[in-house]
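By written order: A, B, C, D, E and F. Residues from 1 in each chain.
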Amino acid sequence: MEQQRLAVFRKTHFNAAHRLNNPAWSDEQNARVFGKCNNTNYHGHNYELVVRVVGAVDPETGYVIDLGVLNNLIDVNVLQKFDHKNLNLDTAEFANLNPSAENIAIVIYNLLRPKLNTNLDLKIRLYETERNFVEYPA
Amino acid sequence: MEQQRLAVFRKTHFNAAHRLNNPAWSDEQNARVFGKCNNTNYHGHNYELVVRVVGAVDPETGYVIDLGVLNNLIDVNVLQKFDHKNLNLDTAEFANLNPSAENIAIVIYNLLRPKLNTNLDLKIRLYETERNFVEYPA
Amino acid sequence: MEQQRLAVFRKTHFNAAHRLNNPAWSDEQNARVFGKCNNTNYHGHNYELVVRVVGAVDPETGYVIDLGVLNNLIDVNVLQKFDHKNLNLDTAEFANLNPSAENIAIVIYNLLRPKLNTNLDLKIRLYETERNFVEYPA
Amino acid sequence: MEQQRLAVFRKTHFNAAHRLNNPAWSDEQNARVFGKCNNTNYHGHNYELVVRVVGAVDPETGYVIDLGVLNNLIDVNVLQKFDHKNLNLDTAEFANLNPSAENIAIVIYNLLRPKLNTNLDLKIRLYETERNFVEYPA
Amino acid sequence: MEQQRLAVFRKTHFNAAHRLNNPAWSDEQNARVFGKCNNTNYHGHNYELVVRVVGAVDPETGYVIDLGVLNNLIDVNVLQKFDHKNLNLDTAEFANLNPSAENIAIVIYNLLRPKLNTNLDLKIRLYETERNFVEYPA
Amino acid sequence: MEQQRLAVFRKTHFNAAHRLNNPAWSDEQNARVFGKCNNTNYHGHNYELVVRVVGAVDPETGYVIDLGVLNNLIDVNVLQKFDHKNLNLDTAEFANLNPSAENIAIVIYNLLRPKLNTNLDLKIRLYETERNFVEYPA
């Protein structure tokens, strides 16, 4: 039987402060659109990050990708940038980009995509809370 | 890089009583097919509902859809109908429809679909228990 | 070193319908006190039950109590009575007792207590939802 | 049988930014003791809060305390102060107190204790992450 | 409205010992590639298995497939083979196949696929730990 | 207000193979008492370990104990011994002791107790599965 492709997932987490704000808007508009997420002095989250990589299973290892290697890629390229940081103030990625869960997921995708072989597909799921989460690409 | 579409998820819950039963069948057939789920006086569940909406990210907000708006749509159109209710006796939707998890998910889809912009895709995941759940459309 | 006592826990679950109501009160008072939990036609829950038994560890088995034996006691004395039932209508225990989580925990304690050796301590934790739960005795 | 006391639990959550820092110390000592939790621009967490109240079960309601009432006490006295806030900058409680999970739990205890009848016991469990949590009093 | 297809999920679990090893390699290469997962005397996991079946909803039952029937298929064809076993030593399936999570998922797919009607689609998700999991087909 | 003592918890995990067996018994007695947990070639678990330490809160740090220090104690004294090991074959602790969850918890307690200041209390909770767990001392 011809083998189909398989997805592997690695779940990690980071803790960060952030604030939703559009500098092109007035304070009133920011407060109306973003509500308490616009709090001037920031709030924070335990972000749960699930990285999904799709490819063929290597018959020699039984792996699509060594999860230790994947974990290290996530650590170096994502966690060391964002963990225990203020996304708005401490990172280049969100200096001029609103750190919504949606934008964080896209940024993480764009950080990891060049590090993976082009024959592997990538998808990012990011939980801002247990009840609010996003997936990119859909 | 052209932006791909992104999925946002909102997880909520409701508690309800229900009973699986097909009125076109005999009591014996209902008992045989539905087992203890056919119990005459109903039983119940804490239903966990995950609503998934797919669309483009608005560059001004960093949102596909404001999760507060989505949460309100779910509250008004789903939770206020079904939470702390007997699905068979207290709701129009299941007066003549067997309230299996499958049918509940399809009903919730049909309740929310007209409330969302047509450029947004919708998917419903419903947990009847931690170990039994459904997704519509697949 | 003298061995201290050890606690073993077994987690199970059952699904049931119930309604909070005090028959000595008027409909208005029941609605005011119990809110949507007073819904006439019942609602329901996935109850998670954690049974805790404390005793000495038997040096021959490494067990306080065989968890298979404990699981069977819970199944026969609790789950077969309450799973997929309407607590108010289908059980003798709640025919005249309001099936609040508090009272359900006390009833389960009283059902299991006589089945366990007197040198074992018993405690019941009952989750009505993930966010509302009780423990008896405290 | 004389009734023993029973514990009820209500689980809620809030999202906040914080920074661990002792102003009496040098920057070097703060960095050495608190590590990445000392990050100047703050980081954040989804705090999960479990409030435990112990008392006798009221035979008329089957309640130790109405969980709606308890939930409202938590909302008014804790969540409205801390949710979507910077604990160090936005709250009087942590203006001069290091917002470690330990101190947050003690502060929450002291906020809620005067609101509860003296015949009820109170305990606070606070999860800073899924893997780090505290309980007060022990 | 024409009905779309719906997915039902059944989550179960099994506990097993395993060891990652490629007999065509030297001990050094196995240790280098598989690390502590190559431990000679095996280690083990609580595997969580989610079986997803997609099909049309039967209007008479409200089911895609009776979850009791699906559960029995999983029990007979998967759990009775693998639960409380050493995958490398006690099973024919992994006598000559490295029991990586990837390969276990493919084996489970191939065990269940012939037992399901061809108009039903099948997907396997397998959690080796809460943080490492796979899905087949992707 | 005089400060009461506070509990801090650190949750970690390890994966191991084990087999329940009493060498003083016949094979028949071992099979009858331990059932599938007696499987000759071992099976395995993802053990979740929660270490609870009780003490006074240090006013300078807001800590009972630095969780990084505690985490390191657990890593060196417990995880490095047991993670990805066969408890029966690879560890001195269970060479002559049945590795039931109960005995593993007691062993972990005895490994950590001498590493902690005597003014700190210690309690171990060990999950063998999500549904079977133990606590020592009770």
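In the analysis below, a contact is a pair of C-beta atoms (placed from the backbone, for glycine too) under 8 Å apart; a residue touches a chain by one contact, two chains touch by 3 or more.
Computed from a predicted structure; not experimentally measured.
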Set of chains adjacent to subunit B and to subunit F: C, E
Third chains touching both subunit C and subunit A: B, D
Steps needed, at fewest, to go from subunit D to subunit F via touching chains: 1
Equivalent interface to D-F, taken from C-D, A-D or B-C so that over half of the residue contact pairs match: C-D
Farthest chain relative to subunit D (centres taken as mean CA coordinates): E
Equivalent interface positions on subunit C and subunit D, same or different at half: different
Centre-to-centre distance between subunit E and subunit C (centres being mean Cα positions), rounded to whole Å: 34
Rounded Å distance between subunit E and subunit F, as computed from the means of their C-alpha atoms: 29
Junction residues of subunit D, two or more chains touched: 130
Interchain pairs in contact, sorted by label: A-B, A-D, A-E, B-C, B-E, C-D, C-F, D-F, E-F
Touching residues on subunit A, where the partner in the complex is subunit D: 13, 15-18, 36-37, 39, 41-46, 83-86, 89-90, 129-130
Complex contacts: residues of subunit E adjacent to subunit A: 20, 22, 24, 33-35, 97-103, 105-106, 110, 130-138
Contact set on subunit D toward subunit C in their complex: 1, 3-12, 54, 57, 60-64, 66-68, 121
